[in-house]
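Across the two complexes that follow, subunit A remains constant while its partner is subunit B and subsequently subunit C.
And then the complex of A and B:
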């Protein structure tokens, strides 16, 4: 797991941006600081929950791989891209 | 806070004059939004629309305004404004007035004591506070309060743009009028054109401001006059008119913007409504403007449960305000235009008499000073 990805996640969590992100069950996500809204698919919603819950990219990947019955290497690539995307959108 | 206004009626029964009744769809005045907020708060007193042009739509909006009057333009001066409000007062017995346009604030502030003597209350800053937040004083204010502001300069000659790059000013630059209007200029030619247009329309000073890349965030609130900020509501524009005004926006919660506004209000000991405009860039938050009145998007304050015009009247009535409900980020507004049908008689009354639907106790019609 890249330390860069964990650093991005850590920064977002440290300033409370991910915790403040309001996400509906159907994936409508709203950032209360910027007013931006996004659509996140079901897997993304679950990933976001795991990232906030664990605060750890590797553990989120592990849990998601088990939940979805997908190889961890596949999940890791997707989660890495997702975390960096969140970092850009919520910057 | 000054002593409450000595009314024996609740604020819901007052007669309130509201200006800013122009409603051009791409750049409406705030007056109609303020009136809608009051009606939404259960206000059942009289609302008197005060306009400057016979085509100010709010003057004819019977659902919101009970009466309407034309006023002399602010440029005519405080005396003319006072005299006209004196005439209106004979007919309407205004309890309170809410000025909603930047250009008229100076004369309303100068007339505060005289209006109070006529029985018309207001909640406004003093002349010093008003001047301190003016666009050409903004940098000095921010330096005093330690707030970030883009580099700003008063330009008196468009030749400035031909040589400004050698003084460290880089295009694009923002060219701004003293009260309204701003244009982003990408080169000296564009800047000179914007300078000429703004100076012709709004007069001097014309200001030049560094362009901050990012997005704009706005906050409106009321200063209690003792340094306290009442019920801030924050908004980000979601869609713009050609004039850069919001026709859709979403309530946000930006703690840094709230802290900036609180510091401003505390530093100025601001009294009355205001709007704070800031740019959020990658480097942080920059204050770009402070408007001394409610913004055109004021109706959103009702939408998020922090109805600021209602709070203003409650404050003026000496009520102790309850803790505001938590902000409701995500609540949106989308502005739309609709047509008002205006009878020939209504238009004639405004054009000829400068008054429409005057109160039953009205004195005989008087010619408008605007046209007289």
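And then the complex of A and C:
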């Protein structure tokens, strides 16, 4: 796991951005700071939960890989891209 | 992760702010498993995908309701079915059974109307290109000739002179209603005096008589007052001519242009909010007629003709298409490839056709692009619609799809699909077969020197 990805997550969590992000089970998300709304797919909703819960990219990848029965390397690449997306949209 | 179809990477997509916050983005009302009570899978099993499906009940209901909107407010009303909107024989036959005349704009459409059994006097012949041969036939059969330009008027006059008869004509007019972009390329302009000149030419000829005025102010007109103004201008012109001793005008034809419940691109309100009711148009038209003719006896009120196309047929026909592939675009958007594109539904170029799934699909909805099967960048059925993750074989129903598709569709790359009709009794039949290689190649000829050889040299 690249330290860059963990750093992005760390910064988002440190300022409370991910915690404040309102996400419905249907995948409608709202950023109260900017008023921007988003669609998040099902895997995205679950990933977000795991990222907030664990605060750790590697542990979130592990749990997601187990849940979805997909090799960890596949999940890792996808979660890395997702965290960077979050970093971009919520910065 | 319940109801998971396949691993999908986590993904987040910001909503674009140029998309309406109203209904437009959703899969409208979500699920539609049947058309006019017939299960869509049954229809696809029988005739394949993609498939256009027309509802006879809806078509009859539409034309009755629209005609009644006018006929309940004005004593003498005729609907002319605009052939170009959808000239499949079965569609035209249904509308003629309902009492609609034929509105045609070319030799082909005229011949088609006659082949379907429409008598000449019930054909309104518009269009800027009417070769002499078809004018000879149409005038001999008593069709109503709507004249577009002076050269056409001269041809009609010469036909009448040769025959030693008098041919009645209608002049097509154009003018600025102040509400819509004027369609000034058709007919004779009122403001510039051309229309008046044309009327004078008709009056001066012993072989012509002016009996009607026509105008078509445009299409998908969202402002009922545009029609009120149209009628006011036409009635004013009529009164001017009558005041100068021209023969009585016996019909005013207001053309087509009433909108259907479709979603024009760039209009952010959903059709239920953007499109006024047909009654509001009828009120504008008939109110203006009543004001214009208040001081003449009823028997001298002209026949009101209207040529509504899309409002009659659009929502009576659906297009069912199937997913043949899915992908994630580089910018992250989800995309779906369908077996029908703008080759079958050309109107996707200017409408965001409402689209529904035929059954519930699990998974979070996301903004999705719907592509057709062509290898062309413009082949987009919807630029953005919120859909759950689709898989190969899932079906989508586009409705309204009945106006200008079964006429403007292209045999480009793909075969044109079949069209089925669901009858009022729930029975279903084919009204146009899917094209075959033989259909497409039938008009081709192979020159003698190319007739041998199989392509392998």
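Convention: the second predicted complex is superposed on the first by the 91 of 91 C-alpha atoms of A that agree within 3 Å, B and C clash if a C-alpha of one lies under 4 Å from a C-alpha of the other, contacts with A are read in each partner's own complex, and residues count from 1 in each chain.
Note that in this section a residue touches a chain if its C-beta (ideal position, glycine included) is under 8 Å from a C-beta of that chain, and two chains touch if they have at least 3 such contacts.
The structure displayed is predicted, hence computed values, not measured ones.
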Problem set entry | Fit-or-clash call for subunit B and subunit C when the two complexes are aligned on subunit A | fit
Exercise. Is A:67 touching the first partner subunit B, the second partner subunit C, both, or neither of them?
Worked result: second
For this session: Answer with first, second, both or neither: which of subunit B and subunit C does A:22 touch in the superposed model?
Result: first
Exercise. Touching A:13 in the superposition: subunit B (first), subunit C (second), both, neither?
Worked result: neither
Exercise. Does the superposition put A:33 against subunit B (first), subunit C (second), both, or neither?
Worked result: first
Exercise. So, does A:91 touch the first partner subunit B, the second partner subunit C, both, or neither?
Worked result: first
For this session: Determine, under the contact definition given at the top, whether A:58 touches first (subunit B), second (subunit C), both, or neither.
Result: neither
Problem set entry | Closest approach of subunit C to subunit B (Cα atoms, Å) | 6
For this session: Would you please give the residues of subunit A that touch subunit B in one complex and also touch subunit C in the other complex?
Result: 37
For this session: Could you pull out which subunit C residues touch subunit A in their complex?
Result: 1, 4, 7-15, 332, 363-367, 386, 389
Seminar exercise, completed: As the complex stands, subunit A meets subunit C at residues 26-27, 29, 36-48, 67-68, 70, 74, 78-79, 81-82, 85-86, 89
Seminar exercise, completed: Counting only contacts in the complex, subunit B reaches subunit A at residues 215, 235-236, 238, 249-255, 280, 282, 329-330
Problem set entry | Complex interface listing, subunit A residues touching subunit B | 20, 22, 30, 32-35, 37, 91
